[in-house]
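Structures given as structure tokens follow.
Both complexes shown next keep chain A, but they swap its partner, so chain B is in the first and chain C is in the second.
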Partner chain A sequence: MFSLYLNVISQGILTGLIYGLMALGLSVIFGVMRVVNFAHGEFAVVAMYATFLVFRYYGLDPLLMILPLAGLFFVVGYALHVTMVDRFVGRAEHEQFILLVGLAIIMVNGLLMIFGPDARAVNLPYGLDSYLVGPLIIPKARLYAAVAALVLACGLFVFLRYTRTGTAIRACVDNLVGAGVVGLNVKRLYAITFGIGLACVGAAGTLMVMIADAEPSLGSAYTLLAFIIVIIGGLGSMTGALVGGVLIGVSEALAGFVIAPSMKSMFSFALLAAILVLRPQGLMGRQT
Partner chain B sequence: MQNAHCGKLTRRRVVAGAAAATALLGSPAVVRAETKALKVALLLPQSGYFAAAGQSCYRGAVIAPKVLADYGYHVTLSYYDFESNVAKARIQAERAIGDGAQCLVGAFESGATLAIAQVCEQRKVPLVVNIAAAPPITEQGYKYLVRNFDTGGQLLTNGLRLIKDLIAATKVDLTTAVFLHANDTFGMSMRHAMDKLFPVSHMPFKIAESISFDPQAQDLSVEVTKVRALNPDIVLVITHAADAIKLIRGMVMQRFEPKAIISPGSPGLYDEEFFDALGPLADFSIYTLPWANPKAQMTQALEAAFKPAHPKYRFAVDSFNVGFTFEALLIAADSFKRAGTANGSQLMAAIRATDIADHVMIGGPIKFDDKGQNNNIRSAVVQNRNRTPVVVLPPNVATMTPVLPMPPWHGRT
Partner chain C sequence: MIELWRSIGWRGQVPLAIALFALICAPVIADRYLLSVLTLILYLAYVGQAWNLMMGYAGQLSLGHALYVGLGGYVAALLWLDFGVGPWLSVFPAIAVGALFGAAIGWLGFRFHIEGVYFALLTIAFAEFTRIACDNLAFTGGSAGLFMPYVEKLAGEWWNLRGGQLLFYYLALLLAAAAIVLTAHLAHSRLGYYWLAVREDERAARTLGINSFRAKMTAVLISSGMTAVGGVFYAFYYNTLFPSQVFDTNQSIELILAPLIGGLGTVFGPIVGAFLLTPVGETLTTLAERLGVNLPGTKQVFYGLTLMVIITLRPTGVWPWMARVLGFGNRAS
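Let's look at the complex of A and B:
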């Protein structure tokens, strides 16, 4: 029985790390710009389809596509911010909401028109293989995807902590007026941040398609999941996003195993409600 | 002489002509519709979670007018996508009736079908259910509804009987099972039917546990871990294509090798999406379902029309959805022909009196009982072989013999 629990927990951790990377993008954008990206999940789904296409026509492993696709999504994010999102920064939340939900609807319907409603799978040669470590069965694709997610998250930490641009972005979070006074180009930094957020979600989508099929209708579920994770971890906290992802992954897996699999999602919401009541700022969020 | 006689204007002729003109102009539109085609609206989940099945039904509907015309029936179709959303199903039903639909056909999913049935009842427009198994559909006293599909209980009763035949035919020792079902309307109705029917069906195996899962979950690895912990010989599943794919993948990844994966009456294991995603891993899964009768003339006509219309799709894979959708349209068209009117109550009376001996799906004549349920539908045991559904039981309609236990996963990849 112990080995079964071990398996369930390990699966939860691996899945949670990928969820965490996806939520990280949402957290970074909100933490810096105070803009909630309601099209977050849809961007992840677009990345899943992009990965699917490249895999189908060129046979390229998704792991090799993480950086190119993250780069592409960075450019898209930067351009999107400059042309659209920037005009909505600082405006009422409902205006931001309408813009980004509209964008999400366009993406979902675009995907439906191009790919149809069927699920599209990336059938990797090792997609159904697993490692046997004692009593543990670790699916290879899930393990690789989780490790890649962890490495990318660490890379982002390093970027934000040790580079000049990262420091400048953090300065905007700490004191926006001050950042402007010392001559930082806030608009450009916001565009970079939005680009980073989309790069995260692009990378997460690339990894997600290793463990789940791409479907146009998935976006809203991913957006909701990312919200839950970010709220549990703490809005704007990068560590919180990763911890929240793992927590959701593990708690869903355990709830599914111990209580009933169909109650997994309910358990996430219960956890969310508990956090909102007991620690509204999230596990690692700062009290404002 | 005759012309001159005909051209003569008399008092009697004027009265007769006026009476005829009055009758023609004054009669209800429904009488004049006798020579026209019946306007049927198809409500299907063409996008969203059930999209694959909805699209499959749609493919059957698209070819139906031509095939029906060859049999002397005339229908015009309009399509309404309810996006796998029950609330939208109700809205689309209202819209279809508002657009002039004289009969509705749908809706593949039980929850949506119930929502549409309420609208049809209020508006007195007949609804012919193509596919939907939840028992309440024909248990709530709807007067404007018939169902040409088994209830969950009927599917399961037929399924369990056929599974017993399957075990006897293959002589494989199967002693334990886990019942894994989606927690949607259909899945839960099958669960209730299973709880009721299994104890009295004297099956040669026991159900160790019934496990429900969320069919829209991204990952079913926990469910598979739970099944694996019980180590049953048979995994009985009630799925749709997307979750069936996740379940099989999970079993392969967790190296769980049941002797049989059997669906006692659900979709999922025969969808093109399932074959595409799993390749050889889709083979040897078994399902007991009503199936198109390959020997029926109408099935052959339908298949002949299907191939050129949908060259990218296989009739063998689509035949379940295509067959039942076509039959629903056949029932509507046949009733319209007999009734000679599209008036709701008269058309419904004709639908209730349906008796069609030659049709597509395996079973007796299409007839409805007092509740509007067709009880003459029969199931077959179908097994995926070389990525194609093949009837393996009963022997009179089988084209191959069943293979049990399933070969190991890793020999196939």
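Let's look at the complex of A and C:
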């Protein structure tokens, strides 16, 4: 019985790391330019479908798709920011919300029109294999996906911490006016940030399709999930997004196992309400 | 009301009177289908107005208004199915339950200073939470939902909302008109000015001695109660309630499209928005079907595009611009 719970928890942790990568994208965008990407989960689902198509027609392993797709999503994000989102930075929240919700609606229903409402699965050759570690049974696909998510998150961390562009982006967060005064091109940095955010969610979608079926209706659920994770973890905290992701992954897995799979997100919402009331800055967020 | 009527001037009175007359006479020439579209428009104008009070006037972004529609609908449907209580009576408990949830969300949000996007997320969380609860509770019928069976004996009981299209059309018209009058009245009341002050700058409003907590709370209570009435209408009009439908985030978004497009914080914005959006959406669906394109989601893609275009080109909505062009003075907007 104990080992059963242990297995459920370990699966939750692995799924949670992928959630964490997805939330990281939202956190970076929100943390830097104060725009909530309400189409975030929809981008993840688009990445899932893209990975599904490539796998189906070319048999390419999703793990090999991560970097090309993340690169593509970066370009899309950059372009999207320059053409549309930029003029909404600093505008009223509901206006940003409407723009991105409009985009989300188009994406979900576009997918629905193209692929129909049925779930699409990527059947990996090693999809049913697993490693046995003591009492733990760890499915290979899930482990690979989680490790890839962790590596990517670390890569993003290094980028923001140690490169010139990363430092410049952090400068915009700390003092926007100061960043402008010392001559940083804020608009370009914001576009890069939006691109990075979408690259994260694109990579997360590619990994997600290794462990879950792609469905158009998942979009809004993932958006909510990413948002909840970011708030639980703490805004602007990168470790917070990963910790929040793992926490939600585990709580979903446990709730799905102990109570009922259909009720698993209830606990995420309860956790969210508790965090908002008890510790609004999130588990690892800075006091504002 | 008379004062309100006077305040809009003859440039406003004439078109308003013509529009109202046209709507009252519409059933004479409109067929069943057209009447159902008009009913939908008026219903959306009504719930849109309820949302507009909270967001447009008091500045509190709620993205979970489907919660109140669902609660109102469920309370009325359950009282009707289990105890045979008619809608004229059950509308009161429906309002009470809706307002109670609204109070809980408002209290949590305003007491703990959960603002803006965070508050919006809280409202979504409550709606989703209730959806999942209704999906799993036995007495709400679970995910199979509730059905209001057609009973022949009761078919003509219009006072129990067991009637045809015409009954619901006039009821929706009454609701929409009442919502407009209420909004116009509130907008120029002390409370309405409090709301505007809190919306524009809460700290400044509090410095002036406005109890911002009470002002925001009143907005949530009125808005949630009004939306719950819309839920009662929904339950008796559509005769079915599915948790995955009434509490859904998509439902919440559909409810707020009309005021967003028409113009937030304006008296006529929601109804203008509803009259612009719904017919075009319906026409598009029909047109697509005629052309043999029967893809689910066509209408929604159009809605999404509309949202993006409107918010980029006319972020304050269509009505303020329309009112200016048509020369309806300031009070009209």
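Here is the rule we use: the second predicted complex is superposed on the first by the 279 of 288 C-alpha atoms of A that agree within 3 Å, B and C clash if a C-alpha of one lies under 4 Å from a C-alpha of the other, contacts with A are read in each partner's own complex, and residues count from 1 in each chain.
Just so it is clear, a contact is a pair of C-beta atoms (placed from the backbone, for glycine too) under 8 Å apart; a residue touches a chain by one contact, two chains touch by 3 or more.
This is a predicted model, so every value here is computed, not measured.
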Clash or fit (per the criteria above) of chain B with chain C on chain A: clash
Which superposed partner A:69 touches (first chain B, second chain C, both, neither): neither
First, second, both or neither for A:260, with chain B first and chain C second: both
First (chain B), second (chain C), both or neither touched by A:112: both
Which of chain B and chain C A:94 touches, first, second, both or neither: second
Which of chain B and chain C A:215 touches, first, second, both or neither: first
First, second, both or neither for A:4, with chain B first and chain C second: first
Contacts of A:104 with chain B and chain C, given as first, second, both or neither: second
Which of chain B and chain C A:272 touches, first, second, both or neither: second
Clash-bearing segment of chain B, relative to chain C, as chosen among 110-118, 146-154, 254-262 or 326-334: 110-118
Intersection of chain A interface sets (partners chain B, chain C): 112, 117, 260, 262, 265
Interface residues, chain A side, partner chain C - complex: 36, 84, 87, 91-95, 97-99, 101-106, 108-110, 112-113, 117, 220, 224, 227-228, 231, 260, 262-263, 265-266, 269-270, 272-273, 276-277, 280
Partner chain A, residues of chain B touching it in the complex: 46-49, 51-52, 55, 183, 211-214, 216-223, 225-226, 229, 241-242, 245, 249, 252-255, 273, 276-277, 279, 281, 409, 413
Chain C residues within the chain A interface of the complex: 55, 61, 63, 108, 112-114, 116-118, 120-122, 124-126, 128-129, 132-133, 135-136, 143, 249-250, 253, 260, 264, 295-298, 300-301, 303-308, 310-312, 315
Of all residues in chain A, those that touch chain B in their complex: 1, 4, 7-8, 11, 15, 112, 116-119, 121, 123, 127-130, 137, 139, 211-213, 215-218, 221, 252-253, 256-257, 260-262, 264-265
